[in-house]
Every structure is written in C-alpha cells, then in structure tokens.
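Common to both upcoming complexes is chain A, partnered first by chain B, then by chain C.
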Partner chain A sequence: MWIEIAHFSALLAIVLTILQIVSSLYGVTSNNNAWIRVGRHSAIVVALLLTVSTVGLINSFLNHDFSVLYVAKHASLDLPIFYLATAMWGGHEGSLLLWAWLLSVYIGVAAWRHWKTHPVSMPYVLAILGALLLGFLLLVLFLSSPFERLIPPPFDGKDLNPLLQDPGMVFHPPFLYMGYVGFAIPYAFAMAALITGKADEEWLVATRRWTLFSWSMLTTGIVFGAYWAYYELGWGGYWAWDPVENASFMPWLTATAFLHSVMVQEQRQMFKTWNVFLVTTTFALAILGTFLVRSGVLSSVHSFASDPGRGVYILGFMTVLLFFSFGLLTMKSEQLETDIKLENPLSKESAFLFNNLFLLIATLTVLLGTLYPLAVETWSDSKVSVGAPYYNAVFIPIMLGILFMMGIGPVISWRKATFKQLKRDLMIPLLASIVAGFVSFAIGLHNFYGVCTVIVMAFVMFTHILDTRRKVLARMKTSGAGSAFRAFNQLISRNKRRYGGFIVHFGILVMAAGFIGSGLFQEEKNLFMSPKDQIRVGSWNLTLDSVGKASKYNWQAVEAVIKADNDRGFSVELRPQKRVYNETSQPTTEAAIHTTWFEDIYVVLGDQVKENVWSIRVYRNPLIVWVWAGAGIMALGVMFALMQGRIRKEKKQ
Partner chain B sequence: MNKKKQKRIFLILTVLIVGGALLSLVFSSFTGSLVYFYTPTEILQKSESLNGKTVRIGGMVQEGSLVKEEGTLKIRFLVTDGEKLFPVRYDGMLPDLFREGQGVIVEGEWHGGQDFIAKSILAKHSEDYMPVEMSEEGIANAKKSILKSLQ
Partner chain C sequence: MKNSWKIILLLSLVIIMALFAGGLSNNPRDIPSPLVNKPASNFTAPVLNSQETISLADHKGKWVLVNFWGSWCVSCVAEHPYLMQLAKIAEKRDDFMIIGVDFRDTIEGANTFLKRHGNPGYKHAFDPKQKIAIDWGVYGAPESYLVDPTGMIKLKHTGPLYFGWFEKVALPQIQGKTNGSN
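Then we have the complex of A and B:
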C-alpha cells in the first residue's frame, strides 16, 4: 500500500513538474503573472509529493515489505533498524530518488525564498530547475524504478551490502548529494541571468549562500567518505584516487575556484563570463559524478553491476545540459563583456586569477586521470588504469601553489598593491615561514615536499594572524572599542564572510598537517602473532590476548583481543574482526582503531595461518585525526560566513 | 608601449609560464604512470614486448589451484581466462573477496617464463560485482573451465 502511494506521488510529481516548466515559460512569454504563480505552486507541491515518495519507500523498508523488489534486494529481516531506514539509498534506484527528492526540496525553497527578491529571473529559474528535475524523475521512474513489485514476495531479503552497513553510509551519500544538487540553484540563476540579459551581480548575490552551503555540504560529504573508507576498508589509508572519489573531488575544485572568483565580480565587475563558466562546469561535473557512479562504467568500490541503459540516458542528459549551457553562454557572452581590465600583477584580482589557475589545472589533472582510461577502453581494445603515483606527482606542487596563494589572497589589496603594503603584510610571514622550515627539518622532517608544505603553512598562518591583529589594533584606535577582545569581536561579527573564510583557511591548514603526518610518516607492520606475542609500534606495546568468536544482529565474526599499552602508562583494548554476514556470506574486515590527537593505532586481523597463529597488520597513522578535525573547522567557518545576512550586505553598499 | 600595457603583458606571461609548467608536469607524469590491463591470453601473446613492465592482469582464480604455505602469508595460484593460465605468487594479506573461482586482478612486473610476482591483488565478487574489465565472454569461458577442472 505504502509503495503504491509513493509510486503514485512520484508519477504525479512528474506531471506537476511538466506543468511547472510549461506554465512558467508561458507566463513569462504572455506576460501573465498568474501562470508564473502556478509554476511556483507546482514547484512547492512537487517537493511535498516527492517527500511522500521518499517517506513511502523508507516505510516499506521499515515494514520489511519484501514484495518491493528494491527492498528485497537491499534489506533483510536481521538488518538493524538504523540501517533499514537508510538502506533507501543503498542502491542505484533509491539513491537516484534521493537525488531527485533533494533537488525538489531545494527548488521548493528557492521558489519560496527568491520569489519576491528576484521576480525577473524567477520564471526562467523555475523552468530550468523543473527541466533538471524532470530529467531525473524520468530516470527514476522509467529506467530504475525503486517502486517495482516482486511477486511472489520472498520470505527474507538479500540484505544490504555489508560494506554499506556502517554509520558512514548514513551520512556520506546524503551530504554528498546535498552538495551536488545544491549547485543546481546557482547554475539555474546564472542561466536565467543570461537569458533575461541581466547578467549583472544580481544572480551572484542571490546564489552566494546557496553556493557556500552546497560547497560545505560537498566538503563534508567527501570527508565523510574518506573517513568511512579509512575505517571500513581496512587498508590504513583514506584516499585512493579511485575514479568515484575523483568524481566528487572535481566539482569541489571548480566550486572552490568559483567561491573565490565570485568576489572579483562582486567587487570589480570582472571575470563575468568566467564565473558563469565555472558555475556551469561545477554543476556539469556534479552530474558527471552521478553518471560515473550510477552507470557502472567504472570499476570501483562504488559501482556495482553495470547498466548501460541508465548510462546512456545520463550521458544524453549531460550532453543536452552542456550544449544548452555553453551554447547560451557563447551566444550571450557579449553582455558579459566589461571595460575593466586586469592590469596589475600585484593585486587581489591577480591573486584570485592564480588561485583559479591552480584549481582548474588540478581539476584537469583529475579529469584526465579519470576519463582517459574510459576513452581508451571505448576507442581501442586495450584497458588501462592510472595509479596514485600520477596524482601524487602532480597534486603536491599544485596544492603548494594554492596554499601559497591562500597566504597572499586575503591580505593583498584590490586594484593595485604597493610594495610598501606587501612588505608590511608579507615580510614577517616570509621570515617566519623560513624559520619554520628550518625547525621542521631540524626535528626530523627530511622530505622535500614535507618541508615545503610546512613553510607554506607557516606563511599562511602568519599572514592571517598578522592581518587580523593589525585590523584589531586599527579598530581599537578608531572606534575606541577599548579592550582588544571587544575590538576583535566587533571586527569578526561585522565581516562574517571574511572571517568565516579565515576559519575555513585555518581548517585547510589543519588538514594539510594531517596529510603530512599520515602521508609521510605512516608506519606499517605485517606479522604473525600467537596469543601472548608482543609487538612495538611507535610508543605502544601491543599484546595479543586471545582470538575468539563474536556475533551481533546479522553477522558472526572472528575477533582478536589486543591490549595496547602506551609508554605514558595507559592502555586500551582493540578488537579487530573478520565478519561474515549471514545473508551474503561475504567476509569483511573490521579494523580496530584507537584515536588520539597525536596518532591512530590501526589494527587489522588477517587469516589464520596455522594452529594458534594469525596474521596481523598494524598501522600507526600520525596526525590523521587532524584531517577530520580540519574538515570540521572548515564546516564551522562556512556556517559562520553564512550567518552574514544578505540584507546587511546590501545596506552597506 | 605604456606602463599599464607592459604590466598586463607581464601578468599574461606569468600565467602562461606557470600554467604551462604545471600542464607539462601533468602530461609528463601522466604518460609514465599508465598501467595497461591484459587477460592471460593477451599477456602470453605479448610476453616478449612486455618484459619488465608493470601490468595488471585480470581473470579467475583457477579452482583447486590455490596453495598456501603454512606459517606464512605466501600463496600461489593460477589465473585463467578459460583459455590460457599462468602462475602467480603473492605474499601479503589477501583482500576479503579473494577466493578460488572468483574474479581477480593482479598487478606487478611481468617477466615472461617466470611466476608472476603480484605486488597487489584486487578481488571482486563475481555474483553481483563483476570486474568491469572482464568481458562477458571471458567470464563465461572461465566458468566453463572451472566446471571442466571439477570433472
């Protein structure tokens, strides 16, 4: 019953989405506001209908309704309730519905929030977003329906893939999708601006917060994925340059470029074409990501059995999207021309230009490594893969460049920076960074790129701190704010966007420290252990106590109990497992991890090699928790920046 | 030429030089890090020309061919695509999905005529998780050969 309601709602949503497109367009051509209002109401109703659909599907999971094919494939009677509710996005069909649902909710919110503020763009925004949603709904309902029945129903389902039975599954896909889908709104506003010929700053102001929000969701989603891969896949790392990871990373890179170059347009009315290009590319790459993951063209941990039909459909969808957007951009680009030219190499504009250059080359690097194997496979008989060494070789120098620009960008002035200003802002940071480089070398960091990263990190840290300090002092003088603390408080609460950005930059530094620690100083030990055997890793003594059995919910496991004693006198118990899930008989490795601010001890249980002897692998991953903490700080920074309301900004101008 | 124009040209040149340097880095490291994928039949045909190169080979683990050396993690097994097979050695922790009769991808340096020393092993569950690199035909063939070896 529930599934029929869900199915019916989705079908009705398609009809209303078509109504939304047609009536908005008709309303704007016939200059009849009533029709546009119909479009707006449809958008809101569609969001409600798809919410019913999603809830209906989740409810079928909760009721163990195995007469629904999708439920039978991705759940079982033993599956814990926590995963039952989220198994909805455990497969193709459901996750596409999640995509469509999130998009419809965003559209509803956009139709509600921007109705009064952007009356000119609104009909086009509604039509474009409606077309995007229609594209996804057709895919959900006619090529990969999660609502199909399975008659007769089986007694028990096939269960959720064991790798997905994890808290990571609960967070990673929704956050990633909230990011992907969110870029649809700035994209639609940009396109509407081109069509209406009002390609000025209005669309940027409208979409600034959407972009920031989506960017932070995408960042969080990617890092959740990395964290999940880290503790679930049992190989001690968190990023493998897997094509699907790359697929989520590419829109992140272009979105980051966009976030920065937008500022140039706001302040200096330059980079207009470029910004439209960036927002379109970001959204197109988000769709590409969905295509790569959902069509099964890639072989990776994310892609299950392949389905050429869906792949062709999404590819067609993307082609239309690209032709429409870039066609429109080329046709209308003369509107975006500006007389203001970037002429001074020492200016904030030029710093952002280099930031964009580095980010775009980074995107190109990933795109090449991800798509080249597909191209080779399509046009020749051979098959090829691109390994991590390629990405490491290229990415480290590019990232150093971006980090360096991060130190300069926030402090250099618009238009023209004088040498005097630069000396004031950059002299101390440069000296400090050189000192930091020597210190890091002296305390044992002997890797060239490692030292370079420390130098650049110190540089960024000092430019940010000194800039804030200078501004606090200035405020104390002019406003007589009295205490430094009050002045600081005033300063950051009046420039939430700027200081939100500073917080994000700080998060990136913390993350970079994590990359150096875990990337350059990881220790790995493979060995055989019998009970009472000991091994020393870092400042830890690990003793194998026993190996026994464990079981819970829908799995059984072989479990080792390992006592880890730290030299500083405290000890913890680690319990790595090798699990077998009842329904799938597929074994999975559950690493045991002890996390401290300084390092992670990561233990994996291998096979039993003979009576009473097990193979064990131990990693010591220094500073890895800084990677996750850095992501958290970045999210906080964005939230802080989002608190700056639109109205206040406009008043000031 | 006025000073403004000079500065502009300087800026454009810097962008081109930095961009060009990075792009050349991208392309030069790219060509060096491609690893080609072969089936057992293909690699045995091209054995000579691939000597010393890093390759990936995909096939099935021949049923009944897996030998474990007790007390170590060393294993030996045969990889087949139904037509040709070749011996592989590996020392290390195996992926969870590694099993006889299942799809596998081994990566390492190819030296014709010797056992293939795998540096890494990727295993795939062939029920719901086909290695995309394997053709349908290859999988059907491999399954047939497994049946044969059972008889």
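Then we have the complex of A and C:
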C-alpha cells in the first residue's frame, strides 16, 4: 500500500517536472508570467511528492515489507532499527531516489527563495533544474525502480551489506549527496546567466550561500566516508585514493577554487568566464562521481551496486549535460569579457589566481590518476592501478603550494600590495615558521615533506593570528571599543564571512596536523598471540586476555578481549571482533579503537592460526582524531560564514 | 575565452566521454591471472563425502574445469544451474571433465548447499583451509580455471559462469581455435 503511494507520487512527480520545464520555457518565450508561476508551483509540488515517495520507501523498510523487492534485498527482520531506517540508501535504486528527492527539495527551496530576487533568471533556472530532475527521475523509475514488488514475498530479507552497517556509512551518502546535489543550484543560475546575457554579479549573490552550504556538506560527506573506511574496513587507514573517493574529492577541489575566485569577481569584476567554468566543472564532476559509482566502469571498494545498463543511461545523460553546459559557455563567453586586467602581480587577485591554479592542477592530477587505469584497460588488455605512491609524489607538493597561498591570500591587499605592507604582514610569520621547522625537526620529524608542511602550517597560523590581532588593535583605537575582547567580538561579527573563512582555514591546519601524525608516524605490528601474551606499542602494553564469542542483533562474532595499559597507569579494554552476519555469511572485521587526542590504538583480530593462537594486527595512529576534528571545525566555519548573508540582507530590506 | 581554449575544452570533453563509453564494456571483476599459460599447481585432496582423494595430475589427457566454490558464496548459487547443465555436457564428452573445489567451507555447509541447489554429480575436492585456493591465487568465489590435457592453465573466469559459456569460451580452446587468454 505505502509503496504504491510512493510509486504513484514519483510518477506524478515526473509529469509535473515536465510541466515545470515546459511552462517555464513557454512563459518566458511568450512573456507570460502566469506560466512561469505554474512552473514555480510545480517545482514545489514535485518536492512534496518526492518527499512522499521517500517516506513511503522508508516506511516499507520500517514495516519489514519484504514484498517490496528493494526492501527484501537490503533489509532483514534482525536489522537494527537505526540501519533499517537508513537502509533506503543502502542500494543503487534507493540512493538514486535519495538524489532525486534532495534535488527536488533544493529546487523547491530555490523556487521559493529566489522568486522575487531573480525574476529574470528564474524561468531558465526552473527549466534547467527541471531537466536535471527529469533525467534522474527517469532513471529511478524506468531503469532502477525501488518500488517493484516481489511476489510471493520471502519470510525474511537478504539483509543490508554488512560493510554498510556502520554509522559512518549511514551519514556518508546523504551528506555527500547534499553536497553534490547542492551544486546544481549555482550551476543552474550560472547557465541562466549565460542564456539571459546577464552574466554579472547577480548569479553570484544568489548562489553564494548555496555554494558554501554544498561545500560544507561535501566536506562533511567525504570525511564521513574516510571515517567509515577507518572504522569499518580495518586496514588502519582512512584514505586510499580509490577512484570513487577521488570522484568525490575532485568537485571539492574545484568548488574550493570557486569559493575563492568568486571573491575576485565580487570585488574586482574579473574572472567571470573562469567562475562560470568552475561552477560548471564542479557540478559536472559531481555527476561524474555518481556515474563512476553507479555504472561500474571502475573497480573500487565502492562496487556495491553497479550495472552497465544504467551506466549507458547515465553516460548519455552526462554527455548531454556536459555538451550543453560547456557548449553554452564557449558560445557565450564573449559577453563575459572584461577590460579589467591584473594590475600587479603582488595583489590579492594574483594570490587567488595562484590558489586557483594550484587547485585546478590538483584536480587534474586526481583526474588523470583516476582515468589512466580506465584508459589502459579500455585501449589495451592489461590492467593497472594508480595508488598512493603516485598521489603522494604529485599531490603533496601541490597541497603545500595551496597551503602557502592560504597564508598569503587573506592578508595581501587588493589591486596592489606594497613591499612595506608585505614585510609588515609576513616577516614575523616567515621567521616563526622557520623556527617551527627547526623545532619539529628537533623533536623527531625527519621527513622532508613533513617538515615543509609544519613550516607552511606555522606560516598560515601566524599570518591569520597576526592579522586578527592587528585588526583588533585598530578597532580598539578607532571605535573606542574598549576591551580587546569586545573589539574582537565586534570584528568577527561584522565580518562573519571573512572570519568564517579563517575558521575553515584553521580547521584545515588541524586536519593537516592529523595527516602528518597519522601518515608519517603510524606504527603497525602484525603478530600471532595466545592468551596472556603481551605486546608493546608506543606507550601502551597490550595483553590478550581471552578470545570468546559474542553476538547481537543480526550477527555473531569471535571476539578478543585485550587489556591495554599505558605508562601513566591508565587502562582500557579493547574488544576487536570478526563478525559474520547471519543472512549474508559475509565476514567483516570490527576494529577495536581507543581514541585519545594524542593517538588511536587500533586493534584488528585476524584468523585463528592454530589452537589458541590468533593473528592480530595493532596500529598506533597518532593524531588521527585531529582529522575528524578539523573537518568539524571547517563545517563550523562555514556555518558561521553563512550567518552573514542573512543579516546583511535583512538590513537592506 | 580564446578559441584555442574552447577547442581544448571541448576536445578533452570528447576524449573523456569516449573513454567512459569504452569503459562501460570493461568488467571490473576481470583481473588477468598471471597463472594463465602456466602449469597448474597440482593438488591432492580428500573428496567431499567420500574416503578417497582426488588429484589433478591423475586427469592429465583431459581438459579439466576446476571450479572454486563455497556454500557461503552467494554468486555460487547463481552459477549453480549452469554447472548442473555443464555436468551433463561433461558426461557426454570424453575430453572434458569438471572438478569442484569447495574451499573455506564445512562439510555440513557444503552438503546443505548441494541438497538445496542440486548435486551436479562430479567430484569436489574439499579444501577447508583454502590451501588449494591460495596456491591457485583465488581471491573470490566462484572462480573457474580451464586446464588443458598437458596440465597448463588456459584461462581463468572470475565470477559466475553463464549459460553458453562452454560453447562460446571453452570449446574454441578445446578445439584449438584460439590460443592465449580470453
């Protein structure tokens, strides 16, 4: 019953989406506002209808309705309710519905919020977004429907893939999709600006918050994925340069470039073509990410659901999208030309230019590494895989460049910076960073890139702190704000966007520290242990107490009990497991992890080698929690920056 | 935007899309085995549900399909109907036979599987500690190897065998119409 309501809502949504496209376009060509209004209302109704579809599917999961094929494939009676409610995106069909639903909600919100402010672009925005949504809905309903029945229903379902039964995986897809899908709105506004010929700042103002929001969601989504890999896959790491990870990282890089280069357009009316190019590329790469996961062209850990038939459809969809967007951009690029040229290589404009260049080179690096195996396989018989060595060799220097620009960008002035200013702003940070480099070498960091990273990090840290300090002092003088605290408070609340950016930069530094710690100082021990055996890792003594059985919900496991004592007398019990899930009989490793701010102790239980002997892997991962914390700080920074737009707008009205 | 940039942009789009179009026909599971055209590693192992043992070397002179499976493997269920049919083909031919290798499994598990999905009738080497599987470089199930009468591995198939596989892939090998891997 529920599933039929869901199905019919989705079908109706298709019809209304077509109406949305046609009536918006008709309205704009016939200059009849009523028709555009029809398009707008359709968009809002479509969002409601797809909400019903999504709720209907989730409800079928909650009711254990195994007469729905998708539910029977991805759930079971024993599946805990937390995973039951989120199993909706545990498979291909449901995750595409999630995509379409999120897109429809975004479209609804855009149609509602930007109606008054962007009357010229609105019909085109509605039509372009409607076409995108139509593309996805056709895929959902006719090539991979989650609404199909399975008659007669089985007594129990096949259960959710055990690897996906992890909190990281519950949040990873929705956040990632919220990011991917969110870029559709800036993209549509950019396209509308090209079509209407009003490619000025209007579309940037409309999309600033969308871009920031999507960027933060994408960041969070990527980090949730890394978190999942770390907790669930049991290999002690969190990022493997897997093609699908790369696919989510590429739009992040171009979106980051976009976030910075829009500032140049806002302030100096430069980089107009470039910005349209970046936003289009970002969205195209987001679609590419979906394509790579869903079509099965690449082998990766994400090959959970792939089907070449759907691949053909998504490929066709992407081809239309890409040639439409980039074709439009090349045809209409003349209207974006400006006479404004870079005045001086020592200026904020040029700092942003270099920031963008580095980010784009980074994107190309990842793109090449991702596509190269595919090219080799397609045009010859052999297989290759491009892994960490390539990326570490190429990517780390680029990242250092980006980090360095991060230190300069915020403090250098527009148009023309003088050497005097630069000396004032950068002298102390440069000296401090050299000191930091020596200190880090002295305390045991002997890796070339590690030391370089510390130097650049200290540089960024000091430019940010000194800049803030200087501004606080200036404010204390001019406005008579009195205490430094009040001056600081005024400063950041009047310019939330800038200081939100500072917070994000700080988050990146925290994350970089995590990368250095976990990347360069990881200790790994592989050994055979019997009960009462001891092993020392870092400042910890691990003792294997016993190996027994455990079971809960839908799994049974062999569980080791390991006592970990550190030198300061702190003691904790670790219980790594090898689980077998009842329905799928697929074994998974559940690493036991003890997290502190300083390090993680990470234990994986391997196979039983012989009577009373087990193979056990122990990792000490220093500073790994800083990676997650850094991501959290970045998200907070974006939220802070987002608050500004609203306040400013209210003042204007 | 300069014309040269426009051309570069559109051309790289065409190349990338062509690459994806070509890539769609790739099988991500199809990883070439270094063992193809190498002598098969011999094994002697107990036969499932029997006191006797089976050895690959005893069957030189015939084409042998060595099929790795386990009752824990979901795709093996999908493959099983074809193996039932292939077993009938093998019975009719005197130059072709099948040996199953049941690995990382229990006897009860294997028997339940054969009872539920049908017993194709050929012999299964029982390999609970996956010694054979490791020697042969098996990384998933099902996986099948075609061994020629001199004991050379001629091809490897990863994933379930499909209906028509024998005629399309194995027979040309047996009749000497192709050489090398597929």
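Methods note: the second predicted complex is superposed on the first by the 643 of 653 C-alpha atoms of A that agree within 3 Å, B and C clash if a C-alpha of one lies under 4 Å from a C-alpha of the other, contacts with A are read in each partner's own complex, and residues count from 1 in each chain.
One rule holds in what follows: a contact is a pair of C-beta atoms (placed from the backbone, for glycine too) under 8 Å apart; a residue touches a chain by one contact, two chains touch by 3 or more.
It should be emphasised that the depicted structure is a prediction, and the values quoted were computed from it without experimental measurement.
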item	value
Combined model on chain A where chain B meets chain C, clash or fit	clash
First, second, both or neither for A:L374, with chain B first and chain C second	second
Partner chain(s) touched by A:L315 [first = chain B, second = chain C, both, neither]	second
Touching partner for A:V170 - first (chain B), second (chain C), both, neither	neither
Chain B versus chain C as contact partner of A:G606, first or second or both or neither	first
Chain B versus chain C as contact partner of A:A629, first or second or both or neither	neither
First (chain B), second (chain C), both or neither touched by A:T588	first
First, second, both or neither for A:S382, with chain B first and chain C second	both
First, second, both or neither for A:L11, with chain B first and chain C second	neither
Per-residue contact with chain A, leading partner among chain C and chain B	B
Steric overlap of chain C with chain B in the superposed model, located at which of 2-10, 110-118 or 128-136	128-136
On chain A, positions contacted by chain B and by chain C	296-299, 303, 306, 382-383, 586
Complex interface listing, chain C residues touching chain A	1, 6, 9-10, 13, 16-17, 19-26, 28-29, 31-32, 72, 74
Of chain A, residues touching chain B in the complex	296-299, 303-306, 341-345, 350, 353-354, 357-358, 361, 364-365, 368-369, 372, 382-387, 389-390, 393-394, 397-398, 401, 526, 528, 578, 586-589, 604, 606-607, 609-610, 613, 615, 617
Touch list for chain B against partner chain A, complex	4-5, 7-8, 10-11, 14-15, 18-19, 22-23, 25-26, 29-30, 32-37, 56, 68, 70-73, 92-94, 96-97, 124-125, 128-133
Residue numbers on chain A that touch chain C, as the complex places them	273, 291, 295-300, 303, 306, 308, 311-312, 315, 318-319, 322-323, 326-327, 329-330, 333, 336, 371, 374-375, 377-379, 381-383, 584-586
